[in-house]
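Okay, got some structures for you below.
Each of the next two complexes has subunit A plus one other chain: subunit B in the first, subunit C in the second.
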Partner chain A sequence: MHRPFSYKLNIFLFLLPALILFVGILIAPIAMSAYYSLTEWNGLGIPKFIGLQNYVELFTSKSINIMRALKNAMLLAVLSVCIQLPFALLLALKLSRHVKGERWYLAIYFMPVLISSVVIGQLWIKIYNPEYGALNMFLRSVGLDSWTRIWLGDKNVAFGACLVPILWQYVGYHMLLMYAGIKGMPADLNEAAMLDGCTPAQVSWYITIPYIRPILRVSVIFAVTGSLKSFDMIYVLTNGGPNHATELPSTLMINLLFLRNRYGMGSTIAVMLIVLCFVFAMLINLAFKEEK
Partner chain B sequence: MKKLVALMLAAIMLLGIASAVAEDVTLNLWTIAVESDSSYQTFIDAIAAFEAAHPGVKVNHEPTQNEQYKIKIKAAMSAGTDLPDVFFTWGMGFLGEFVAADRVLNLDEYYPAYQEELPVNMTANASYDGKLFGVPYTMSEVVLFANMEILASVGYDHIPTTIEEMNECCDALLAAGITPFGVSGKELWCLSEYLEPLMIKSVGTERLIKLYNGEESWNNPDVIAAVEAFQNLVNKNYFDPNAAALGNDEVKTNFIAGKYAFYQNGSWNCGDIDKSENPAKFQAGLFPVLNADNASLYELIGGPNNTLAVTATTEHKEEAVALAFELGRFMSDADYKSGANLPCWTPDPDAQVSDLVSQVADIAAKSEGMVLFGDNFLSADQANTYLDYIGLAYAGDITPEEFAQGMDDTLYNK
Partner chain C sequence: MADMKVKQPKGVKLDHISKIYKDPKTGKDFYAVHDVALDIAPGSFVTLLGPSGCGKTTTLRMIAGFESPDEGEIYLGGEPINALTPNKRDTAMVFQSYALFPHYNVFDNVAYGLKLRKVPKNEIRDRVEKILGLVELSGMEQRMTNQLSGGQQQRVALARALVVEPGVLLFDEPLSNLDAKLRVQMRTEIRRIQQALGITAVYVTHDQSEAMAISDQIILMKQGVIAQMGSPMEIYYKPNSEFVADFIGECNFLHGKVSENAEKGAIVSLPAGKVAVRTEKKRNPGEACEIVLRPEAITIGDEGMLPCRVELSCFMGSYQNYHVRVGEELVKITDNCPLNKKIFQTGEQAYISFDPECAHLL
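This part shows the complex of A and B:
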């Protein structure tokens, strides 16, 4: 006999552990951050409620200079979408065409994703070393001495230098997502197009790319939100320096939270990041929906 | 049969109780003495000596690298859980915030037992409202390390004693293709090791303390003169042009390898310099006076700073307090002998120390005033803003006047 109440109770009981985890790990910390963002708190005493003062200070303080960090994050997001993703797509398209050694190439391109950012950061610190680094040594060896720089110490080039390893590291990740999408395509779609006389480039442009649009949407969301949240590589390479030239919202947040003991202001940046990631994810979804 | 079972159960229970009674007390100790730190081995030795003197007490030493440690201890203090029993800390502002939050044990009732060996004047930076909250074990001061072989190569047999002579010496070094000063522009506190001695030798001890306390405006000619002198060092290319990309360890290694003539940093570097192939070529001195009307050569940046404190929540108060004091005493003595730092505790009169450590100790003995490092003196938020301004001044992004005005505006809302 069907008993609706018992049925709903079962559903509730089975969902309860996941609900507890979801609320405890995700919702509660966000709610706590939102509360702390309205307080002045050094992390040790009793938080003092100050309303929206932290938000006002965040966007007006020259000392914090959140706009510089946001500008850097947006630049990273744009370059991720405009350089990292097209490059990953090209690799995925190429590798999915039964290239000799396909598995090896996949493993090699994916390797940077598996290696710790700290290790990659240290590797690039060595590459960028102004004295013995591979980059300056190469430039000197080809007579381009005037192009040598203190790559991570010159505020005019430091962020650009940081962008290279950040973009490079995750090419393999997006490539794998797209590769999986392409491999999941029914073979007859491509075959039919080829029989109709399409070139490989036309097949890619008119058949493959539209087919993997959901994957591309996910990649764009990951690239943009990942850029906004990006932290580890910058922390290792420059820790936001020189003179905050490479600061991102997350490095600024860590600085305020743990070096300056401004837990209220740090939480304000955390809330801002959550809102930004959410808004951008919505906008990207909307953009892909409209295209459809 | 029932009696036998009951007896066996009782025996098991007694055994359990007995083993619980005999169980070791484990004290958790957090420090910054990672393996590459000059105090690492001293800590290991000090802990071994403590454990030998206190059977049944084990010390679980958890070292963390300096910058990460600051984050770790603050996060733990903030959460108030999983705190160590004893922890390393810096005095004044750093420890002060934990004290204000009641996270640190007051040591007043334990101090008299050690007062004879640990003079009261050494406890000032760990005392708040007249109450002692930490066991200082070493003091340090900013000194100007010089490579005398390099100086001799440009005709100097001594560390320049006036600003004019220092400039001439640096010009001669540059002409000979040698970088005068090594500094890490990547670690802002290293820049403060150059600016603060200039500051104290321009404004004097008392006024520098007033500046840090917000009792005097930074916007005055003497502060501006100090920042100008600092920026002159940069503008004249006296610093390593690659400084912005170098960490302090790299700079120290370069100095020891003979890349720079001078390296101005804390006296804790003596141990590393003494380990070099030819330590005799290095001397410790002081940066010349900037304004003789306000300051003298022996007005110094530094003071008792490296401190051990006991958390208020420790479950083993007596053992933890003993660990803090006894480790402090051991570290003070051993760090002094190894050249890692100057002692806060009365040193062993027969201690054999290197020439470099003797020179640093001699400078401390002649001290006519001492002000703690600015980033330790100030609160965490103020200290980081202050270091930011120093970084901006070093990069030439702000003028000395903007530095002074910025300090007033940002730190003290004047």
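This part shows the complex of A and C:
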């Protein structure tokens, strides 16, 4: 009679360490951020509870200008979904068709994912350097001197210049996810479609892409939430400048937290990011919902 | 069903085709299929049978166009097809894994090939409904494939292959994933539908009972070459080698020497005695030979042709199973309907007999 209880107790005891870690590392900081977002706090002393004032200020303050940062993040998310993912999908489809040197191509495309964003950022700073950078040197060498810019210092082009390395860095990551999905697809499906009269392009469009739909969903979620949370590359390249032109919610949050010592407001942005990521993940899941 | 005859079943001719692969371990080339030549008549059901690695699936895949022969030419309906891609050949295939598109329902899976061929919508609907009726899946059009049982999925796969009215229908071990009972049921269904439509079918299996049950002709393969081809009865009763005899059903081999040629066969001298065996080919006296005997062709009694000692006697319901020692050789006997017959027990002495017509000399 006591066996089921003892069995459940065993399960609970085995799960307890993981539960403690999960609560301690993930849930507790979120809960604390939620609490601090309702306070005025400089990181020292006792936080002063101010209700929703931080939220009101966040969306109305022109000095913080969260809407500009959000607009940049959304643009990054849209470009990730519309450029980065289709490009990764094309590469995955191509490489999965027994291309000669398949493994080498995979390794090369995946390499930027393995390298630290700081290193990649430094590399692109060199490329964009107005004096000796490869980009301007190339433009000058082909007679396009008028196209040369101070790429990371000109507020009109700085964000565009930052987007290139950010999108480029994670193409290999999404490509590998999709490649694994395509490789996991039974060869019979492709062969059956070919016998039915499909061309290779039709096989990709009508069979392969629908088959890897769950992986595409994960990729879209990662691309969108990753764009909302994006921080490191922008921080290295421009730190949100010039004149906040490349500001993202995360860079704004760091500046508020560590430069202006506004821990309450920084936490407000953190909570907003968590909510946004959660909402977008839900919406994407809904959009990809399959007929059961 | 009369209006569902295929347009024109096509014959298949394999003109000395070979396929060479590289052994990944040794790096050396080897023949997966070697010099296979055969003619498949339009409307016939031919099975490629053999153990794993014998080249049967490679041969089928060459007909489908997924592999290209390194030597020889394949003809479909008299036309050479080596240069054609799979979608340009007039074939359809039922796969071992069914290969149903998981994101399509039953109707869309079956209609897929017709849509690609730009068949008008009304005609697609009519043809899909008819073919689903033929495979007894009417009313399941809107179900997703993961809502079907293994047998139903196999029927959808069959319907999808049939609906495009191919000249030749190819089967790659289509029943391997089904349980034993369903396998028997489905193979009967496949044969019924093939005969009803008059379609040419090439079927790959390693299950000899399946091959016997459904084929007009069996092509038995071993290590890339054809070991024997013929009707199921020919292959069963007139095997041309120990491999064929052993692969198709259970078999006993009695080793001896030809003693003399008789009027309708030969007298074979065995260590346990002399026996007459029917053979069409004259043998040289003194030549070593093997007598192939099926277990059900042998009877056991107090009198007979060769003395034996019973080593195992086991009641199996519909038959009594004996293992007896004849000289040095172990012989298996299936004695059907053992009721009212004398049952020999382990250790008893007895005699075995057989009809010379049912023995085959190798």
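Couple of notes before you dig in:
Rule of thumb we're sticking to: the second predicted complex is superposed on the first by the 287 of 292 C-alpha atoms of A that agree within 3 Å, B and C clash if a C-alpha of one lies under 4 Å from a C-alpha of the other, contacts with A are read in each partner's own complex, and residues count from 1 in each chain.
As a convention for this text, contacts are C-beta pairs under 8 Å (C-beta built on N, C-alpha and C of every residue); 3 or more make two chains touch, one makes a residue touch a chain.
None of the values given here were measured: they were computed from a predicted structure.
Considered on the superposed subunit A, subunit B and subunit C are sterically compatible, since they fit side by side.
When the two structures are aligned on the shared chain, A:Tyr128 is found in touch with subunit B, with no touch to subunit C.
Residue contacts after overlaying the shared chain place A:Gly43 against subunit B, while subunit C stays out of touching range.
Of the two partner chains, subunit B is the only one touched by A:Asp154; subunit C is not. Contacts of A:Pro186 after superposition: subunit C is touched, whereas subunit B is not reached. Subunit B and subunit C, viewed from the C-alpha centre of subunit A in the overlaid structures, lie at an angle of 150 degrees when rounded to the nearest 10. Put subunit B and subunit C next to each other and count what each touches on subunit A; the higher total goes to B.
Residue contacts after overlaying the shared chain place A:Arg260 against subunit B, while subunit C stays out of touching range.
When the two structures are aligned on the shared chain, A:Tyr211 is found in touch with subunit C, with no touch to subunit B. Note on the superposed arrangement: subunit B and subunit C approach each other to a least C-alpha distance of 52 Å.
Subunit B meets subunit A in the complex at residues 70-71, 74-75, 77-78, 97-98, 100-101, 103, 185-186, 241-246, 379-381, 384-385, 388, 391-392, 395, 397, 410. Those residues of subunit A that touch subunit C in the complex are listed here as 186, 188-189, 191-199, 202, 207, 210-211, 213, 290-292.
Across the complex, subunit A is touched by residues 64, 66, 85-87, 91-93, 95-99, 101-103, 112-113, 116-117, 144, 160, 164 of subunit C.
Within the complex formed with subunit B, the residues of subunit A that make contact are 42-45, 63, 128-131, 150-155, 238-239, 241-244, 254-255, 258-263.
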